[in-house]
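Chain naming follows the written order as A, B, C and D, and within any one chain the residues start at number 1.
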Amino acid sequence: MKSIDVGILGGTGMVGQHFIRFLQGHPWFNLTWLGASDRSAGKKLKDATSWRLDGDIPSHAAEIVVSDSKPSASAPRLMFSAMDASVATEIERAFAEAGHIVVSNSRNHRMELDVPLIVPEVNPGHLAILHAQQKNRGWKGMIVTNPNCSTIVLTMALAPLAQFGIQKVIVATMQAVSGAGYPGVASMDIMANVVPFIGAEEEKMQQETQKILGTFANGVITPLAARVSAHCNRVPVTDGHVVTASIEFSKKSSVADVQSAIENFQSVPQQRQLPSAPLKPLAYLPQADRPQPRRDAMRENGMGVTVGRIRECPVLDIKLVACGHNTIRGAAGAAVLNAELMASEGFLD
Amino acid sequence: MKSIDVGILGGTGMVGQHFIRFLQGHPWFNLTWLGASDRSAGKKLKDATSWRLDGDIPSHAAEIVVSDSKPSASAPRLMFSAMDASVATEIERAFAEAGHIVVSNSRNHRMELDVPLIVPEVNPGHLAILHAQQKNRGWKGMIVTNPNCSTIVLTMALAPLAQFGIQKVIVATMQAVSGAGYPGVASMDIMANVVPFIGAEEEKMQQETQKILGTFANGVITPLAARVSAHCNRVPVTDGHVVTASIEFSKKSSVADVQSAIENFQSVPQQRQLPSAPLKPLAYLPQADRPQPRRDAMRENGMGVTVGRIRECPVLDIKLVACGHNTIRGAAGAAVLNAELMASEGFLD
Amino acid sequence: MKSIDVGILGGTGMVGQHFIRFLQGHPWFNLTWLGASDRSAGKKLKDATSWRLDGDIPSHAAEIVVSDSKPSASAPRLMFSAMDASVATEIERAFAEAGHIVVSNSRNHRMELDVPLIVPEVNPGHLAILHAQQKNRGWKGMIVTNPNCSTIVLTMALAPLAQFGIQKVIVATMQAVSGAGYPGVASMDIMANVVPFIGAEEEKMQQETQKILGTFANGVITPLAARVSAHCNRVPVTDGHVVTASIEFSKKSSVADVQSAIENFQSVPQQRQLPSAPLKPLAYLPQADRPQPRRDAMRENGMGVTVGRIRECPVLDIKLVACGHNTIRGAAGAAVLNAELMASEGFLD
Amino acid sequence: MKSIDVGILGGTGMVGQHFIRFLQGHPWFNLTWLGASDRSAGKKLKDATSWRLDGDIPSHAAEIVVSDSKPSASAPRLMFSAMDASVATEIERAFAEAGHIVVSNSRNHRMELDVPLIVPEVNPGHLAILHAQQKNRGWKGMIVTNPNCSTIVLTMALAPLAQFGIQKVIVATMQAVSGAGYPGVASMDIMANVVPFIGAEEEKMQQETQKILGTFANGVITPLAARVSAHCNRVPVTDGHVVTASIEFSKKSSVADVQSAIENFQSVPQQRQLPSAPLKPLAYLPQADRPQPRRDAMRENGMGVTVGRIRECPVLDIKLVACGHNTIRGAAGAAVLNAELMASEGFLD
């Protein structure tokens, strides 16, 4: 595949920095453009922002001159959006209308009926709704979204279990502070503490999960009828979200069935060997005390989700623990894998 | 009430130190005796152990000469047990047989049919099974137990909801490292990390909750038939356990009903004004992000449990968050309050 | 002593909250007034601010209606200042000019020649410069300041060593996040990390130490000629600053001399039994691994400083470790003890 | 260079695991042998130990059958020693006597007069004392050591400053918990806390620094006459030690001189392009708040040391901050780089 130029909307923020780092050395995508507010426009990235991630700012990106966030002929067609929800709605639409392919990590358009909300291993077929989107809206471009970080971890773990008929899911999360951006959570609030609340997170997790696990037919995505209940908690962890889930199925299924389904899970990104796809999307660990964020979140460059502790639930049927990297698998890497999936389907041609 | 001499079995360990600290200045109980292994016997406490808690070793306790863990005429009748599970079974029995009233924080005897497992605000009436215990076993003394730290927090929050007919409970815990004793959890294992497993904790939480919420009639404790499922997690918090729970009731009950029941909860320890009883056993906080361990665990000297986020659960009926201090309300304070309840019933006369 | 009404300038901020908490139940001072920005004025405290400290907002203070930050006849004469440095200069002056006694924790006026910078155990005599201040400035009121949190810990430890002739001090601090206010340090910056820089802290520590240890004579404070070098670091600790110091003296002095001087240190606040004065301003701990912030910062209600590890320094003469509570001994409690000292000298009559 | 088989003494412990991970994919050294106690001997590594590091046990090493810790013809000539100090003295000697080249991370032999204590960028010439060692002891093999983790960070930063004539160094460390092995520091001791003491660390840092910065002539290593004073502290950081240092020189040298010397530092490992050598042994960062362990410790795969905040010291001449990875640059990587240096000098031929 020949190199594809890409840009990042919201390129100076914390999420933008995660995109910059993830795109370093990408075999298909070549970062050439960064969009931000007027305040940053005209400056080199290295002068427009403080690098907040571990290590140094990638030298190639450091020299890119930041543009304002308006569509233009000189901007690349493929745009990752790392914009804050407060501004993403209008700007993403403007870019899509002007012909850009907007692959967004922002929450703004996720729940719109003709916007695909994709986890490539879970619902790659939902991309097909893009034809309806372009027709409905008269756009030359399009908007594709990935879900919330905690939802990705959950739906990855649930994907191979769909065959058993998911009826009910009760999930409790323990989420890392890096999910809250910068400055994000004050250290006074989270050191040696738990905050049992993340604004709007539970609602997102409940609704997005239903949409992602839903079916696409006749141009319509029908959400899964399963009931989902989330308890979302912030814990003093740097990177990596942990999800504990109890699940009820319509079909009788044993611990061994569930474990086997998880261990053997493969999907479209693996079959097509997409560059950011993990070899094993789900790693099953037999140890009693795994997965753990510090030890498991970086599995497969942060793109693999780790599952453990599959056991019977006295209330629903099965319970388990899943863990994934919230800013890689749950954000920047998620969007990049979405774009790779789109490339493999010809959407970027 | 005139002062009652008390001893602590396992007085040199971490749990023993929590007892020593909690008993400082107690209006009824006067610490005069500490039992430990032969290795410590004969030494003053200050020479037999390193003080692991914040602040300094209480000066009165520091000078007590440690005894070996054998019943004797010179040992006080009322004995708190802070012994490790590996040795508690035989020693507690020996003391009870010899006429001591053993108020134990150890797990060993909790699930025996004629041993009361007491949370004074929840099931004070279960103490009555002690008559059967003495008769069955031919003991002059007795053994009374308190549950696991996380179970106490859960059952305190559930107590006022029993009126709605508890059917199902799914709970996820985030537990502080102080619950694991000393040295307990290695810092390499828990710093910026979550360990989604605590040995035997889930089983204890499931079974103990059923027993505590059970009914006592005709000399028998019948466990509550509710199904309970626990996900127990260790998080990098110093003190204070957080419990998120989804609950199903047999009677229709609204968020307002549950909130009102929790806010207005009072029980026997409050009515009798037991010295360690919190004025409000359950504090309800309306803020979206509470309770939190660092901010709420010490409520009412660590004896109050804080509840928040009462809301509808899409899968079961209601969900909420509860938080309590694991080494005070969940351990040393729990046992001392049990002894106060026993005193108020005449068991110590 | 009859009760003295007091107010707090900057009463809604983080430092203001520390003052509110520290003043609860004070035997001399009765909090009746809170000043803040126009935005908060007219609201009850509980509606004007979010309570950020552990536990709940004190109920008495919660109902105080916040005033704007202008001197008025109805405001108490004694004012504690918890204002941000960005606004403290002019407002403190306005209150002092209008006759108020401003006891400030802000850094703005600390280094002015006629403003006393007081640690009551260290340089109580410097209060006498207030006569010059009133005369110089034509004020009916006055401004008194306490130093930076880390400087207080250091100067408390140095005070009894002044007799040996302090020549050189090299100090490295490990400072808690609570010293940075709210939201203060982002959790992303400090979790499992060290930040070896705190803005302007090293300069403050170097200059303030010289002024505090200086001599007052003929209406002039002459700074100590000792050279002081500080390395200031932020570490992931909630409360309590640790200071490691190497010290060179002009007089030969052994480890035993230094330890004895520290153990036996008593000063004016102890002699006068000021209500917030610790019984022992300096506690010496013989254990090799003390003092530690989590274990020692709350000594004597957070007003005592703990010293340990006194030993020979291969480069200078002696090295030691000191620890104190940064928001109590190092801020709110420091200012309140200053006001108590002033009361005992008749400045509040 | 053709592949050289290597073994690890103490291969099942925490330090051994760091060696195993560091040696994965090494271009010269091929791990074929692991020695441990009799209890582990005969088992595959994966059955003999729990993997404590992040991620999974390397698959190649997992299958190696552990040997007992006795020299044998079948064991590789080159042996890394990761043994605990309690057993290293005799076993390392036995292997050296039997002809093995023991490259040790243990402290036992470091200060012996004819044992080189090497940091390859600092004192590569000290290897020449090995000829004296073999002669003195009649060994066919040899023992080479690397210093303590904190000493490596300090001496790396000091190396380019030797030209200015180092006279005095006062250093305060903030050290990560991974330096204490497993289980190492109890979480109860270090969470939200500082422990201002690490057993024997200050003495090691003071003496080892003098030896490393010393001169080798006429078959004798003469320690540097500089005086070194260390304050060693444990802080709640996972990986990466921070060192703050004040330094006095015999030659007048400005901040710019010191910065230039550090920025331009290159040494033998760089000139010879040893595989584990960092391209820049010292990275200088101009930002006011760097270096930081979480952001900088992994520079150059954990082998680079980062320096910042070079400024004048009011007491000595210059002060600065340095940071390095304690288990890579400070332990396993240090020993492997020592072996690479030895290979480049022909000691492994």
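Here is the rule we go by: a contact is a pair of C-beta atoms (placed from the backbone, for glycine too) under 8 Å apart; a residue touches a chain by one contact, two chains touch by 3 or more.
Everything quoted here is computed from the prediction, not taken from an experiment.
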Between the pairs B-D and B-C, the one where more C-beta pairs touch:
B-D
Per mean C-alpha coordinates, the chain lying farthest from chain D is B
Measure off the straight-line distance from the CA centroid of chain B to the CA centroid of chain C, and report it in whole Å.
40
Can you check how far apart chain B and chain D are, centre to centre, with Cα atoms defining each centre and the answer in Å?
48
Multi-chain contacts only, two chains or more: what residues does chain C have there?
191-192, 236, 238, 294-295
In their complex, what parts of chain C are in touch with chain D?
168-170, 172, 174, 191-197, 199, 206, 227-229, 231, 233, 235-238, 242, 244, 246, 288-295, 308-309, 313-316, 319, 321
Within their complex, chain A touches chain D through residues 53-55, 191-192, 238, 294-296, 298-299
The residues of chain A that touch chain C in their complex are 52, 177-178, 182-192, 236-238
